[in-house]
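Below are the structure tokens for one structure; questions will follow.
Letters A, B, C, D and E mark the chains as written, and numbering starts fresh at 1 in each.
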Amino acid sequence: MLLASLPFYPLVSFLLLILFAKRLSWRLASAISVGAMALTALVSGLLVFELSNSSSHFISVDLWHWFSLSSQQRMAEVNVSFYLDGLSAVMISVVSGVGFLIHLFAAAYMKDDANFSRFMAYMNLFIVAMLILVLADNLVLLYLGWEGVGLCSFLLIGFWYQEQANVLAARKAFIVTRIGDTSMAIGLFWLFSSFGELNITAVSELIRGVGSSEIGFSLQESTDIYWIALLLLGGAVGKSAQLPLQTWLPDAMAGPTPVSALIHAATMVTAGVYLIARMHSVFLFAPEVMNYVAWLGAITLLLAGLAALAQTDIKRVLAYSTMSQIGYMMLALGAGAWSAGVFHLMTHAFFKALLFLTAGAVILALHHQQNIFKMGGLLKRLPFESALFVVGLICLMALPGTSGFFSKEAIIAELWLSTTAGPALWWCAIIGALLTSIYSCRLFFLAFLGNERFTEKLHIEKASLMRSALLILALLSLFGGLISLDLSEVFFKIKAEELISVNEPSWLHTIAIATPFVGILFSWFYFKNYRVDSNLEDGVKTNLTASEHRFAIFCRNGLGFDSLYDVLLIKPYQLLAKLNRRDFIDQTMMSTAWYVGLWHDVMTMIQNGNLRWYLAAFGLAIMTLIGVSIL
Amino acid sequence: MLTDLATIDSLFYLAATVAVIASLKVVTGSNTVHALLYLVVSLLAVAVCFYLMGAPFAAGLEVIVYAGAILVLFVFAVLMFGLGKDETINAPKSKSVANMFGAMLLAFALLLELTVIINNAQIQQTLQANVVSSKAVGIMLYGPYLLAVEIASFLLLAGLLAGYHYAKPDVQGSQL
Amino acid sequence: MTTIPLFHVLVLSSLLFAIGFIGVVARKNTLFILMSLEVMLNAVGVAFIGAGSAWQQADGQVMFILILTLAAAEVAVGLALLIRMQKKYRSLDIDLLNEMRG
Amino acid sequence: MLTTAHSQASLNIEIISVILPQLIIAFGIALALLLVAWKRSQRTIALFTGAVMLIALVANVSLLTIQPTAVTQLLKVDSYSAFAFSLVLISALVSLHMSHQFLKAHIEVHDEYYLLLMLLVLGAGILVTSNHFASLFLGFELLSISLVGLVGYHRESNFSVESGFKYLILSATASSFMLLGIAFIYSVTGNMSFDANVPNEIYHQQDLRLFFEMGILLFISGIAFKLSIAPFHFWTPDVYQGAPTPVTLLMATISKVAMFVVLVKCVVAQNYLLYDNVQLLLMILAVASMLMGNILALKQQNLKRLIGYSSIAHMGYLLIVVIVLSGESLSFTWQSVLFYLSAYVVANLSIFMVMAAIQSQCSSKVGQLLQYKEELLLSDLRGLFWRIPSHALLVILAVLSLAGIPLTMGFIGKFYILSQATIAHAWWLIVTLVIGSGIGLAYYLPIIFTLFEKEDCTELQANKRPIIEHFLVYSFIIIGLLLGIFPDVVSQFIVSNPM
Amino acid sequence: MTLTFIMLALLFAGALAWFSENRWQGCAKWLALIVLALLATVFTIFVISHDQPFDNLQVLTRVSWIQTFNIEYSIALDQLSIVLITLTWLLAIICVLVSWQEIKQKAGFYYFNLLATIAGIIGVFVAVDMFLFFFFWEVMLLPMTAIIAIWGHEKRHFAALKFFIFTQVSSLFMLVAIIATGYFHLLVTGELSFHYLDWLALDMPLSLTQYLMLGFFIAFAVKLPSVPVHSWLPDAHTQAPTAGSVLLAGVLLKTGAYGLIRFVIFLFPQASMQFAPIAATLAVISIVYGAKMAFAQQDFKRLVAYSSISHMGFVMLALFAFNSIAFQGAIITMIAHGLSSAALFSMAGMIYLRIHSRNLTDMGGFWQSAPRMGGFALAFAGAAFGLPGLANFIGEFFSLVGVFQVMPTFAIIAALGLIGSAIYGMVLFQSSFQGTAKQEILDLSHRELLICSSLFLMLLVIGLYPNLLLNFSFGV
């Protein structure tokens, strides 16, 4: 019952807020929404506790029968029911825990906004959808949550809808993810038509049943699984902003910062990772797709890291870094390191939320200034925020001891010997880590060290709500790595576990641990100007001009994906739409009418009122008819 | 010599030729009265044809009613209302001498033909054999076609009424 | 049976009819049109008489008489109209009568 | 010496009773002439004419179920002709009412109008019963000559002479052609009765057959002229426009009904359809009419011209029935033809009734006399619905009926035609019909739309209309709807009798 | 008899509204509303209290009508018709509500037309004599055309004309097919019959049925509408008054789908199956093309109109998949689209009432001044692009799942329509309610709130608990 009630606390809060939007005072509205979130967090804590103490490895609850699909093989019951196992337990903890903290922060952050209750309502709605997504026991319900979070993301990105740019960003986010969603939907259709089932556990069992038989599954089914996995991957790629559908995420930073923290860093964007982890049995039987997952993850990891290097907007840096970190998770999943991937998901949620929220606090203090070239020297002015930011950054760079270190190392450790991944991908991960530390340092140096490059007076808010939320997050980021995840019940292994430490070269770990430090060192010298910033005006200028070469612009603009899609897809579609605005089929139809009208004109000319012509026509007609009948 | 050639056939063709030529002149003429006279000639020629085809009753009617009554109606109309003066500009021009000559020629041909018929006993005989007598026509008219005759009378009444309506003078001070 | 073939009579009739029709179409003077109409009707009469005599029936002649009636009625109406036209338009040009069209 | 064995016509009581309606009309004409001599009064003559027609209509009712009876060799009365004549009489009565409205304002007494009207009806009565080319021709001419008199009747109108002349000359030409055709047919068959058997040898004799077919062609084109079937339709719009509205109504209803009935009679009796050429000919005519009529009617602003063009199309539709006619389904064919014609007549009567009402209302008074409104444009209907809903409703029903939309008789009529064509697999004709109807909608619907437009003139007011007009309008609305929904009421009168 | 009574009562009430409006200004709408509510209740009670289940067609009345052609007045009900009639009642009431303020001119006659249309639509859903069906099919057009032509927007005459000609010409083909089938019945059994049940029992050769099927198909494809005969729809929907658009999109299009189910697929199963690839291709083209065209539109209503084409494409695709899941999907899509497009058109009407423009470029930023309206607009746009949880999603999901089992390629291409729908849905919502505020508008009034929330609730209920509809078998 507890499980069933989980999404309802935020839902009730959402309804209350949306119905009485204008009439609620800030205090009441924030009390409702944050209270609901607190309740959710509490209940999820209880649930996790219950799960860990219960004998079975899952808890499930049926709410109501949604619909059933009957195919030739079987009747697939699709219910609105929740299923909690280790994986979803991790997810709900992250969603409700981090969600609660971000709500807390947001209540303070958005205090002055006219539409505060609406904002909190959306946030609550998002939590509802996210909880449904992670708790769904079947893919249709999951899809419901999936679309729901997409919608909330759309709403929140476009929360300040008077700005045309925000509107466009929201639209872009929605449509790009929708492409992925459609692919996932097709995947569902395919899944149903090959297995006749949409329940996740049932599907897994079916597939394992097929796989465990001695001869293996037939070729037909294996191609089916290949395509299903590929299509599901499409969905995951869209939601998690991986290549090639990653372009929406940086633009999504148009939303208020808590949104970026909650949706575009901690929870929603990791839904793709969750999906793949959830459907791992499908992926296990499609090794090629596993491979794609790994490679996609790796490439995204690198490219996003590269792009993050050239950003000027603090939130965009973080956005690219999110992309790159999710790349890590994908890489892990592709390599079969399920637990590691999910672990990284969790820790990433902690420190990325922290980073975003701190950045938000900074931005607030700077009157919505997001350009890091216009910051500088904040360490002195905002010591508390700066300290927390540093905590976040070191987690991000995975310096030993932080949560990021544990999760990232876990991933890297499994890469070398993975069947699907391998040394190449291992090297990618290492380079990625290097890049991470470089852009992190760049960000830090640029924004927090050096001289002040802003002129306005700082707006320093010492809201205890905000600070407490940040503090808890910082603690989680630092020590979250100590939480041990045991997901062995969840993840199915296709073959017996082999001893992995045999062939591993010994220098691997050393390199992995050393890489972030190399990055820091490199940055220390390379971004000297930012750090020292002796000559404010010149320094900025030279650095700006120096970095303004083509490649930097290219990187800053998201490695040209945006313009590529613009040329390849958007422009042609718009052009087509514009050219055919008046509907050529309609025009063709109407040209028939025009043609008849033409005939009318011609015939009216014949009908000229001249009696002698009428007579002649009479004779002519008879002549013609005689001619016809003789012939 | 002439009488040898004069079989019913040849006479018929001659009359037919006259009728055709006269009709052509009617159609192409420019002077109304001339045209009307040509029409008379044509009707007479057709009457001769009728006669040759064994319908003397019809031939008689043709001459009396058609050429006599109907065309006189035309002539009256033309003369009384001065219609002859109104010639359309585009009417074909022809020389009046040639017209006169042509009309005379045609009339003469018809006259010749009639005399031949009347004087040729053989022809008369053949004609007698083929004739559908006026008696038969009368029996038909007042037998099976009785209703038709009645209807024809109504037809004439309709013509009369319509003609009267069109031709009557406008009422003074009346719009209609 | 008459010696004149029916075919020839019909050809004669058609010829006269055609002449009449040409007159109706070609002439602009209304009076001539009426006259041409008479020629046409007369041509029809020829055909009927010819057919009647070919079949040796009186029906042909009866029809001729009926046609005669028609011709009379028609001429009466036609001339009356002609007079109205003369009064109204001061002309007998048939081409003046084309106010209604379209 | 061949003499056809004409049975001596014995005009006994039985036979007289069969043509009683026609006789009543004829007698009425004679009496009317006397009446004129006795007292010239607009009212008297109108009432008298109405009475004569009513009596004829009553007399006609008993004939609706009659066995086919020959009256001499010229006429043959059967239930179909009786039905058609009822249609004629009804339209004549309505037209009479309209004519009275149209004429009564004048000082001059128009006896000849009423006489011509009766003559016209008589002609139609002869046509529908005719069983012989002679009676056909006479009925045809009686109809034409009376119409010529009526078409130009309104002598002050600008169009009087023009429309009179056009109708006279074209109709005379057409009748000449028809007569020539009859003469050709007669010269081949030797018999002018419809019942006569066409001799078999004409199939073999090339020249005779040629003449025979040409005869049929000429004959049909003469009739087609009267029915205004394309390409013999040229006169239709002009004469419709030029004639006074009641007369246009007569042309649209009586002359169409009578001519079509006689066409079917002739084609049925003589089996012309055995000749492929005739079928082809009719097909060409039908297709041309359906297309040309509808196309020409597009964008037409003058109401009467529009009705004229639409009548071309309707005759084209109806011609389909004749084309697909077959011996087995003769009674069905008759039913289709007569039902369609009655639908057509009812629709036309409805429209013209309203048109006449508008015309008389919109006429301007000059002194004591009404200046009759001549041109009736589509825009004159504007906003009618909001001013006199009953009249507008009648127009709507009529237009929908013409367009063949359910709820109206026109639809049932179209249903008949489509049934016939479907049975005969005449798919191309059906396609043409569908296309034609589609084009047709493009001018029928705007009429209705115009009715609904915002009113700008308030000339025509409901309360000013005479009671009898209201009575007629309402009864026609009810008739139109009732018969559209329960067509059996009509079709039960069109019973089949062995021919 | 009850159904006949209902239809007659509708007509009668319409006439009453027409006449009474002249005397008491403003009473027509109340009358219409009350009558609709009453009759809907009567209908519900009738259906519930009927003893036989409606799994199969239950012939309720069968009276001889036109003896000449052995045509009967025969009406029957089954679950499919019950569901669609229920939808009709709902939307009818919505129609009266949306016309409440909008129609001020000639209101009496307006409500007469509205009620007459509804009577005709109900007739279409219950008629089982084919002649009767055709009769109602046309009869519902007439008042609908009147509504467009009299109370429509600036190009109303053109739109009404186009609408009427398209439907009329296509339905003539159906009429020919009806007649041909009737006479084929005559040929086989010796008795002319236009009765649906008689036809079902008739065994017809494929060579014949494929043409007959085509005749029916053309009529229904135009009504549905499917590309390439859709071109009447954007104009008609755009120019119609709000209630007209609601009724058109909500119910009239459904008659096309209903016809496809009942007459094309059930009467000529083999021929339809043979025809399925072509129909499915047309459907897929409709889906994609409709979505693309919707994106290109500047006019709010036109955009929704094109989206209707896209949605009805799903229905047709699902129907021609010959799969029970797809079939259920088609029916749910019909209902869902009925509700969602009705809602969007109502929304368009509300906006039009406020700013007197349908042009998207004149809109923008309304969310600021009218947040409730914006919320509903978003919800309805969400329904249009198939947001899970709302009815349209269930419909599309069922359709596509079903279609995928039979024709995967078609399903995949059709799924592209989902992307397209997201695009136009976004354009629709964002350009009207987001962006800089062009002007201030009033938020929803109580009446409008009632309309929107009832429609939304229905969408939501079906979306979350589709078993309401799925429990019916629809004669599969």
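The working rule: a contact is a pair of C-beta atoms (placed from the backbone, for glycine too) under 8 Å apart; a residue touches a chain by one contact, two chains touch by 3 or more.
This is a predicted model, so every value here is computed, not measured.
Chemist: Along touching chains only, what is the step distance from subunit C to subunit E?
Modeler: 2
Chemist: Work out which chains are contact partners of both subunit B and subunit C.
Modeler: Correct list: D.
Chemist: Determine which two chains are connected by the greatest number of contacting C-beta pairs.
Modeler: Top-ranked chain pair by contacting C-beta pairs: B-C.
Chemist: Computing the C-alpha centre of each chain, which chain sits at the greatest distance from subunit B?
Modeler: So the chain farthest away from subunit B turns out to be A.
Chemist: Report the chain ID whose CA centroid sits closest to the centroid of the full protein CA set.
Modeler: Smallest offset from the overall C-alpha mean is found for E.
Chemist: Report, in whole Å, the distance between the mean C-alpha point of subunit B and the mean C-alpha point of subunit E.
Modeler: Comparing mean C-alpha positions, subunit E is 75 Å from subunit B.
Chemist: Using mean C-alpha positions as chain centres, tell me how far subunit B is from subunit D in Å, no decimals.
Modeler: Distance between chain centres: 35 Å.
Chemist: In angstrom, rounded to a whole number, how far apart do the mean CA points of subunit A and subunit C lie?
Modeler: So the centroids are 95 Å from each other.
Chemist: Between subunit C and subunit D, what is the gap in Å from one C-alpha centre to the other?
Modeler: 26
Chemist: Give me the residues of subunit D that touch two or more other chains.
Modeler: Subunit D, residues with two or more chain partners: 3, 134, 138, 141, 145, 148-149, 152, 155, 164-166, 169, 173, 237-238, 442.
Chemist: Residues of subunit C touching 2+ other chains?
Modeler: 20-21, 24, 26, 28, 50, 52, 56-57, 59-60, 62, 66, 70, 73-74, 77, 81, 84, 94, 97-102
Chemist: For subunit E, which residues are shared contacts with two or more other chains?
Modeler: In subunit E, nothing touches at least two other chains.
Chemist: Output every touching chain pair, sorted by label.
Modeler: A-C, A-D, A-E, B-C, B-D, C-D, D-E
Chemist: Write out the stretch or stretches of subunit D touching subunit A in their complex.
Modeler: 165-166, 169-170, 173-174, 177, 210, 213-214, 217-218, 221, 225, 231-232, 234-235, 237-238, 277-278, 280-281, 284, 292, 295-296, 298-299, 439, 442
Chemist: If we count contacts the way the header does, which residues on subunit D are in touch with subunit C in the complex?
Modeler: 1-4, 133-134, 137-138, 141, 145, 148-149, 152, 155, 158-166, 168-169, 172-173, 175-176, 179-180, 182-184, 186-187, 190, 192, 207, 211, 237-238, 241-242, 300, 302, 305
Chemist: Which positions of subunit D touch subunit B when the two form their complex?
Modeler: 3, 6-9, 11, 26, 29, 71-75, 106-108, 112-113, 115-116, 119, 122-123, 126, 134-135, 138-139, 141-142, 145-146, 148-150, 152-156, 164, 366, 369-372
Chemist: If you look only at subunit A, which of its residues touch subunit E in the complex?
Modeler: Of all residues in subunit A, those touching subunit E are 18, 21-22, 64-71, 80, 118, 140, 143-144, 146-148, 151, 154-155, 158, 161-162, 164, 167, 170-171, 174-175, 178-179, 181-182, 185-186, 188-190, 192-193, 573, 576-578, 580-581, 583, 585-586, 588-590.
Chemist: Per the contact definition, I'd like the list of subunit E residues that touch subunit D in the complex.
Modeler: Going through subunit E, the ones touching subunit D are 65-69, 106, 131, 134-135, 138-139, 141-142, 145-146, 149-150, 157, 160-161, 164-165, 168-169, 172-173, 175-176, 179-180, 183.
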